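The structure is given below, and queries will be raised subsequently.
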Amino acid sequence: MWLYQFFYQPGEWARGIYQVMENWAVRIGMGIQWIQLIDMIIVAIILIAFIFLDVMFLTWLERKVAGHIQVRHGPMRTGPHGIIQPVADAIKLLFKEPMALPGVDNLIYLISPLMMFVGAMLIYIVIPFSPGWVVAPMDYGLLFAFAASGLSSFFVMAGGWSSNNKWSLLGGMRAAAMTLSYEVPLILAAIGVALVSGGLSLVGIVESQAGMWNIIRQPLAAVLFLVASLAEMNRGPFDLAEAEQELVAGYLTEYSGMRFAMYYLGEYTHLLAGAALFTTLFLGGWQGPLLPPILWFLIKIHVMVFVYMWIRWTYPRIRIDHLMAFNWKFVLPLALINLGVTGLVLVL
Amino acid sequence: MNLCEIGRELERRYDGLVRVVQENPDLVVEVAREKLLEVCRFLKDTPDFEFNFLIFITAVDRVDYLEVVYCLRSMSNFRQIMLKVQVPADNPEVPSLTGIWPAAGFDERETYDLLGVRFSGHPDLTRILLPDDWEGHPLRKSYPVDKRPVRTY
Amino acid sequence: MALGLRDVALVVELLRGLGVTLRHLFKPTVTIHYPTERREVYERYRGLVRWDKEKCAACALCARFCPVKAITIQTDDGEDGKKTVKYYQIDAAHCMYCGLCSEICPVGALSHSPYHELAAYRREDTIYAQERLSGAPPITMYR
Amino acid sequence: MQTTHEMVVNLGPQHPSTHGVMKLEVVMDGEYIVDCKPVIGQLHRGMEKMAEGMLYGQFIPITDRLDYLSPACNNLSYCLAVEKLLGIEAPERGKYIRVIIAEMQRIANHLVALGSWGLDLGAWTILLYTFRDREMLLDLFEMFCGQRMTLNCFRVGGTTYDLPDGFVEKAREFLEVIPSRINDYEALLTKNPIWMTRLRDVGVVSAEDALAYGLTGPNLRASGVKWDLRKVYPYEVYDRMQFDVPVGSRGDCLDRYYVRIQEMRQSCRIVQQALDQLPPGDIMVDMPTIALPNKEEFPNNFPEVVRHFHLLVQGYAPPEGEVYLGYENPKGELGFYLVSDGSGYPYRLKIRSPSFINMQIFPKIMRGAMLADVIAILASFDPVLGEIDR
Amino acid sequence: MDGLFYQISFWVLAVITVLSALMVTTMQNLTRGVIFLVFFFLGIGGLYFLMQAEFLALVQVVVYAGAVAVLFAFVIMLTPRVAEREIKQSLNLGAGFILAALFLALVLSLLLGQPWPELAAPGAGTITLGQLGQALLGEYLLPFELVSVVLLVALVGAVVIAGRNAGRGERKS
């Protein structure tokens, strides 16, 4: 029974645990605030653990998907089917000696990977994993998600500028220009969904999709959101920021060791956050016939992650001015039209 | 208008200054240094010659003199001709053909680099293959060839 | 990119591209895991040169004809006037496996073995003198 | 108005997409290229000087290292030039074997060119597909002559090896598979809007510029000039093969891509026809002054032994004179200019390498382009540094 | 609202905001100044958050921390010889302190004189999106339209200025 409650009514289960802790605290006379503090810390630890584990899984999945798409195996040597490869990567990056570079502006050089990673993780606060499990059920959850992702794009540029290298400067500039110009259609597409589901809070959006998923009600917004989130994450055909063939390694050129790992994890956290946002907005979050909601949510997220990876390994890279022209002349007008049409349909 | 007639036609026009050297596998014509630019323009512009494609430029070190070799081809009537200019070994100086065929740029730089033939009028006559501070011109017969790399083990 | 409406039809091409990669996702992989599984070479493969001491007539034609001078040979005339080989060595690092020596050897003393994993930690190991040139495969570091 | 100061950037010898050790000194103003100067010479091995110290026969394995992506074509071009100097021709079967291997080498070369081009523009998977298909060709080469890349399989006057027995069936098998693979590449790339906008009207070379700057091969045909040495001087057996020459219209990167894809299909047709018409007979011209004697009857047949040693120490004795022969190498016209003074060693050997001459037009077409275009244009010319630096 | 955490977080955010504001003004290296500018905007966003004005906080973070800071960074990084040079500090501290003290006195007098209304109970005061929408397009439609016109003019101006030297690459060939 307890297990059933864990999977099917996660909300009550969480409250039950909190109730138990409260009674225990009252019995030994501790203040209520301390319990809230402990509860917050536990939730934070669980969230960060989930992110780290899933990002590790993502790096492994990316290599395997890329491998099999290219008719090769992907990592096979570390453990069966290369399961331990992410751990091996992490250890390698941990022990790699970070280079002390001349002319590098140390303060910004050290802060930007950290802040980029923090920016990417902030998004998970508002994502509804299952009915009761939302770290902060805010009314403006959607807006908070975009605020956090906008933040991390600034620190990509700061990192590029501070590593005092021509290539990374170019990479940083491109990253900033791209993420800024693609944030507009991203938000517009999401607002289209907010219009249909009424209200910006993500939990509300998910509940409104009980009947029909938003991807059916808002197909155009879904496509636009996919394209814009690809650009937001510097992935897929839009990975101009660290275009290996052109800019050696873009803004990551001068980073090595743990700092590079921070950026690398930040990128994959962004990928996971993008996939999670797409599922909550368009694929009906944890709605699903018989499986427990949390499983439905994880399955949908990883299907979306596969789609992002699939797109990345298929298309060539787009050029910076085409990217801008594509956005201002094609994606943005479509987003506005979509917004207008949804508005009209809702009013009539 | 096969190859031999071209040779005779050139000899007739520039009496003493042009001499046909070889005919059977490829037509080779020797031209005096002053007449080179004129002959090249003539071959390129006249309608039935139309040698509009420069294949390559190189030089052959005949110890007491240098021969600068130009190979031209006419794309319309599928013919190929080789011009040779004899140049004294000590100061090999030849007018550059980059004016007529821009394709001559790199070949002339390479010939200067490996054989020391200076092309007057070339936009930037610098070494192309060897590092800039390399002395000597390797393809000269006088360049020492038997320096086998000393085996260090 | 001035994407006029005519180009919207190109979006179908984008999907076709995805179709190709999806199809390849489920195709069997073609790569082999090198150190554990090895690909056996074809019968005419030109690997490390193998030298047969008895057949060799010490004519030094191979040492002379090798474009990169990888073969060094020292001969001395044996008892009944027939030349024998005192020292014969092939520098596997210099050799470019062009197969000219085995082609021109008048008595066929030189032939090619299928060994191509000739990396070595010390330079001296890449020099194959008499006994290492015949028969036995060289030591391969990673089995 | 204060412009941002121009940045001199070295697309240096050590760069992921310069197809070898080529350095492009690029003066950039923001993303745009103001001026670009190619700097080469890192891979200069002095082949022309080496040739003067080697017999004609000894130089053949060195030609493998010229354009190391199409060694068979380099060997063929050198052997044809020496044969023109000696005034001889390979026998029928030898000619057919040479055409089959050379055309297969052209397909393999275009596969590498296409794969690395896709990789340079970010399409990773196309590289793996093209290399997987090229693997089949490399196996065929290994079956034929024992090496995958540095083949050294042709000799002056014919070929050294005859086709092994399993070869023709395996080649036919390859010819069935490759058209569907090329359709896969077309599906992935040709009409892909990103690929098209990345390459349409980038690095445009007009027909006059192409001829003036000495472009040859697929880069010349992409500018609209219908010039293929296999049609103009049909040596070997190209005159008995039906194949058409793909020609582009605008001379931009997309046309160069289109020409290379079509050329692969045409080469398949040639190999198919050559395999069908393969005649029996010997593979080496049977002139005593050229062909080595066979070694079985050596101990007792003494004059043959003397001829064997004479040929390998003195080499051939070509007539005095000079000769030039250009061959349609996958990259352009690879020509050898031989000056012989009658001895077994060439007096002077000049290699006319296509990538070296094609590279002259880079500064002209890269001015005003963007950094991403530089990579696309560089890949569209498909230069190989072994051939540029000789 | 007046729990322990509220106090702690308020003071933490206040310290961050004031500190980074100080750093922005006193930092010699301009690019570091921009970084602290971002932290400053985040601090202010956090303060709004604490005062239950969620929408305003999020807009603050998106608009300021996300876009304006990047704009500043672009300006500083792209104009040559600006980012590297250390800015000379005119160090007449005396005048600075006097001015600051005067200004502080003025602000304090204004502040203390006013009767501050008791902060509304937590949760009641948050404006829902719907109300905000109604207000924007209801009573305050005119200022909303005026602001949008101003923004439009700014946008068009930017495009014209940028358009003037668009062909920069070709100009030099």
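In order of appearance the chains are A, B, C, D and E, and numbering begins at 1 in each one.
By definition in this document, a contact is a pair of C-beta atoms (placed from the backbone, for glycine too) under 8 Å apart; a residue touches a chain by one contact, two chains touch by 3 or more.
Note that the structure is a prediction, hence the values are computed from the model and not measured.
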Where chain D and chain E overlap in contact partners, by chain label: A
From chain C, the most remote chain by mean C-alpha position: E
Farthest-lying chain, centroid of Cα atoms versus that of chain D: E
Most central chain, Cα average position: D
Between A-C and A-D, the pair joined by more C-beta contacts: A-D
Whole-Å gap between the CA centroids of chain A and chain E: 26
Centre-to-centre distance between chain B and chain A (centres being mean Cα positions), rounded to whole Å: 64
Between chain C and chain B, distance of the C-alpha-averaged centres to the nearest whole Å: 40
Approximate Å spacing (C-alpha centroids) for the pair chain C, chain D: 22
Junction residues of chain A, two or more chains touched: 69-72, 313-315, 322
Set of chain E residues in contact with two or more other chains: 78
Residues of chain D touching at least two other chains: 31, 125, 129, 132, 188-189, 192, 197, 370
Residues on chain C engaged by chain D in the complex (per definition of touch): 1, 3, 7, 10-11, 13-14, 16-17, 19-21, 24, 30, 41-46, 59, 61, 64-65, 67, 96-100, 103-104, 106-108, 112
Chain C partner contacts - residues on chain D that touch it in the complex: 54-55, 57-62, 64, 125, 129, 132, 135, 139, 142-147, 150, 152, 160-161, 164, 184, 187-189, 191-193, 196-197, 292, 295, 298, 305, 308-309, 312-313
Residue ranges of chain A touching chain D (in the complex, touch as defined): 66, 69-72, 166, 170, 237, 239, 243-248, 313-322
Residue numbers on chain D that touch chain B, as the complex places them: 40-41, 44, 46, 48-49, 52-53, 84-85, 87, 211-214, 225, 227, 232-233, 321-324, 326, 333, 335, 337, 339, 347-348, 350, 352, 356-357, 359-360, 389-390
Chain A-touching residues of chain D, taken from the complex the two chains share: 7, 9, 15-17, 31, 118-125, 128-129, 132, 188-189, 192, 194-195, 197-198, 370-373, 375
